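Note that subunit A is present in both complexes that follow, paired respectively with subunit B and with subunit C.
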Partner chain A sequence: MTQGFLLFAHNNEEIDYALLAAWCARRIHNYLDKPVSLVADAATVARLGKYQVYFDKIIFSDVPLHQKRRYDTRFLNFNNYDRSSAWDLTPYDETMVIDTDIVIQSNVMNCVWNSNYNLMVCARSVDGYTNEIEEEFRVLNETSIKFYWATQFYFKKNSESEIFFKTCKWIRKNYIWLSRVYDIDPKLLRNDYIWSIAVHMLHCENTLPWTLLHSTYRSNVYNITDHNVILYKPGFGVRKIVKHDVHVMHKDDLIKLVKKEMELAND
Partner chain B sequence: MTRGYLVMAQGDYVSQAECLAKSIVHSQSKITAISVITDGCPDEKLFDHVIKLPRDISGNSTWKIHNRVQFYELSPYDETVILDADMLFLTDISHWWTHMNTYELLLTNHVRDFRGDKVQQSPYRKTFLGNQLPNVYSAFAYFKKTPFVEEFFKLTENIICNWAEWIDRYAARPPQDFPSLDVAMAIAVKVLDCEHAVTTNRSYPSFTHMKSGCQGWKNYNEDWQQMLPHYVYNQQLKLGNYIQSGVLHYVKKDFATADVMRIFE
Partner chain C sequence: MTELDEILEKADYFDQLRHQKELLNVNFQDACILAYQGGIFQLSPEFISGINIIAQDCAELYVLDRNQNAILIKDPTKFVNAAVDTYRAAITEYGAALSDLKNKRSAKSIIGL
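Up next is the complex of A and B:
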């Protein structure tokens, strides 16, 4: 049984996902010691340069669909809709897919391998400051279904998990109609929403056995070292997160720190 | 040993008790007997026994909660599950009886929201929280006829009939000025120090409690039907995006319409 991580990267006007993917892969090697494959478009792969060394395989995927979304004060294109094709693209029998903006500082993700479950999704991610789940990450809206993250998930490549990913693709195609069924904004096509609807429809509610921490765009990332992340949020102050994986949404801060870390890397 | 469900229905609640009886007969594979205690004239064909309420101890109260303490003495069964009238049985829960049978008295100690999640915080349970009362619900409760259960119901009646004195002593933070069987039973459990003997850690008994404040909504209308649509399809009931199962405590009198009752045809 082959086991490995699968990352997705599609650069846009500003965000260098190639760099983030390389940095994430390097951390996977250091903390989890597993092979990493990358799914990316040709332009993003070209940006990788010497960092290709961190990847076991590079799988080309041109994304036909992208969406302009508000990011901080500007609008950027985000091309992350091939995540529903993870089952088709993965070279592994057991795959862990994670976002490239997760700061890995533990080996907790290694507990998924050889699981009895064919698919495990992320149900629980708490705010790094409050340790609580914000309302927007608990349910799609007050009267709708529960929220699940597409940020990280595990699957075995078999016919049962295939149904989940086929359902995700079907949801993407029928999103306008489903947005009415689930009472969500049809203009905002989010992988998390696609995942939430698929989990609800298929009752595949096996979840990853840990709590992810996250910091939103409203928090600045002050520093990242090998074993801690220092966040700053006006009104809340400084928070140091030690030896616990953190999903950092503030890409501007993250990329600055990632560049510094990768320049210092001596692999 | 006879087993059955028992519901009290006065005034408007008679038609709801009839809907409940239909749902039990339709959905349950083993225990389908249900009796009603009433001062009205329900459809006798739907019930195992129609028991005339022998004494109305509720005085001028519009909410006839006082009479519910008579469940023990009026039950025709050796093993009884008491229910609120505004409930529907949607799927078979016969296997619950096997577990309930190991208790003399078993009270529901958690309820679920329309998504099937345990209700963690309820704005209706401030008296329980403030006074460290056990979080019990009388809307679904099992008992056998034993001396202990008889004592329990006698004490509960005493609490209901002498409400102000008991509340002053056991539930003053914040005081609840109207009698409630849930609070009375919780005080009785505390006084008899029997919480471990009358509750369970299992996932059942439980029911879906449709009071709006139990749904985890931040801003809500007390009529949950204004917040959440319901659908009947293929003999299943959907509230919002969730197919319902088990026991539904729908709370709002106008919910069990002919359209909803199509599930049980």
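Up next is the complex of A and C:
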């Protein structure tokens, strides 16, 4: 059984996802010691340059769809809708898909390999600043279904998991209709919403066992070292997260720190 | 330093202390995950002692994992030993980290900046 991580990266006008992917792959090698494959478009792969060494395989995927979304004070194109094709694209029998903006600081993700599960999704992510789960990450809305993250998930490549990804693709195609059924914003096509609807439809409620921490756009990232992340929220103060994986949504701060870390990387 | 500054400094210290304790507990819960024979188990003293009692004289045993799936454990004694080892390592690290945290007497020393 081959096992490995699969990352997706599509650069947009401002955010260098190629750099984030290389940095994430480097951390996977250091903490989890597993091969990493990258799914990216040609322009993003071209940006990788010398960082291609961190990847076991590079899989080209044209951007099938992109969406202009508000990011902080501006609108940017986000091209992350080929995630539903993870099953078709993965070169591994067992795959862990994670976002490239997760700061890996532990080996907890290694507990998924050789499990009996065909699919495990992420149900629990806690704000690293407050240690609480915000309402928007519990349920899609107050009258709707449970929220699941597409930020990280595990699957075995078999016919059972294939149904999940086929359902995700079907949801993407029928999103406007489904947004009315589930009472969500039809203009905002989010992978998390697609995942939540697919989990709800198929009752595949096996979840990843650990708690993922996240920091939202409202928390700045002050520093990242090998074993800790320091968050800062103006007016609220500082938080230190030690030896725990953190999903960082503030890309501007993250990219600055990643650039510094990758320049210092000596491998 | 005014009285208010002193109170604010203490409040900041207690806030950081509480936050770090909560994070250590999250790390501890993650360290108590045991992947065994295809199942993923969340360990606790209650879980371990319960399995230990049920497993007496059993050659094999079904155990529910954290997603409520029944996992056939081929050698229950070996499983209990693995669970004890994992839990012991997790609680030892948690205890050491907590006592290290208690020795830090200011918010600055907790953050380490």
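Here, the second predicted complex is superposed on the first by the 266 of 267 C-alpha atoms of A that agree within 3 Å, B and C clash if a C-alpha of one lies under 4 Å from a C-alpha of the other, contacts with A are read in each partner's own complex, and residues count from 1 in each chain.
Going forward, a contact is a pair of C-beta atoms (placed from the backbone, for glycine too) under 8 Å apart; a residue touches a chain by one contact, two chains touch by 3 or more.
Everything numeric here is computed off the predicted structure, so don't read it as measured data.
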Could you classify subunit B and subunit C on subunit A, in the superposed arrangement, as clash or fit? fit
Which partner chains sit in contact with A:108 here, subunit B, subunit C, both or neither? Use first/second/both/neither. second
Using the touch definition from the top, say if A:142 reaches subunit B (first), subunit C (second), both or neither. first
After lining up the shared chain so the two structures overlap, which partner does A:116 touch, if you call subunit B first and subunit C second: first, second, both or neither? second
Check whether A:217 is in contact with subunit B, with subunit C, with both or with neither, and answer first, second, both or neither. neither
Touched partner set for A:182, first subunit B, second subunit C, both or neither: first
Please work out whether A:131 is in contact with subunit B alone, subunit C alone, both, or neither, and reply first, second, both or neither. second
Using the superposition described at the top, determine whether subunit B or subunit C touches more residues of subunit A. C
Which angle, as a multiple of 10 degrees, do subunit B and subunit C span at the CA centre of subunit A? 60
Looking at the overlay, does A:241 come into contact with subunit B only (first), subunit C only (second), both, or neither? second
Can A:200 be said to touch subunit B (first), subunit C (second), both, or neither? first
Check the superposed model and tell me the shortest C-alpha distance between subunit B and subunit C, rounded to whole Å. 12
Complex interface listing, subunit A residues touching subunit C: 106, 108, 111-117, 126, 128, 131, 205-207, 209-211, 213, 228, 230, 237-244
Given the complex with subunit A, which residues does subunit C contribute to the contact? 12, 15-16, 19-20, 22-23, 26-27, 29-30, 33-35, 38-40, 42, 66-67, 69, 71, 110-113
Where on subunit B is subunit A touching in the complex? 115, 215-220, 227-228, 240-242
Within their complex, subunit A touches subunit B through residues 135, 138-139, 142-146, 181-182, 200
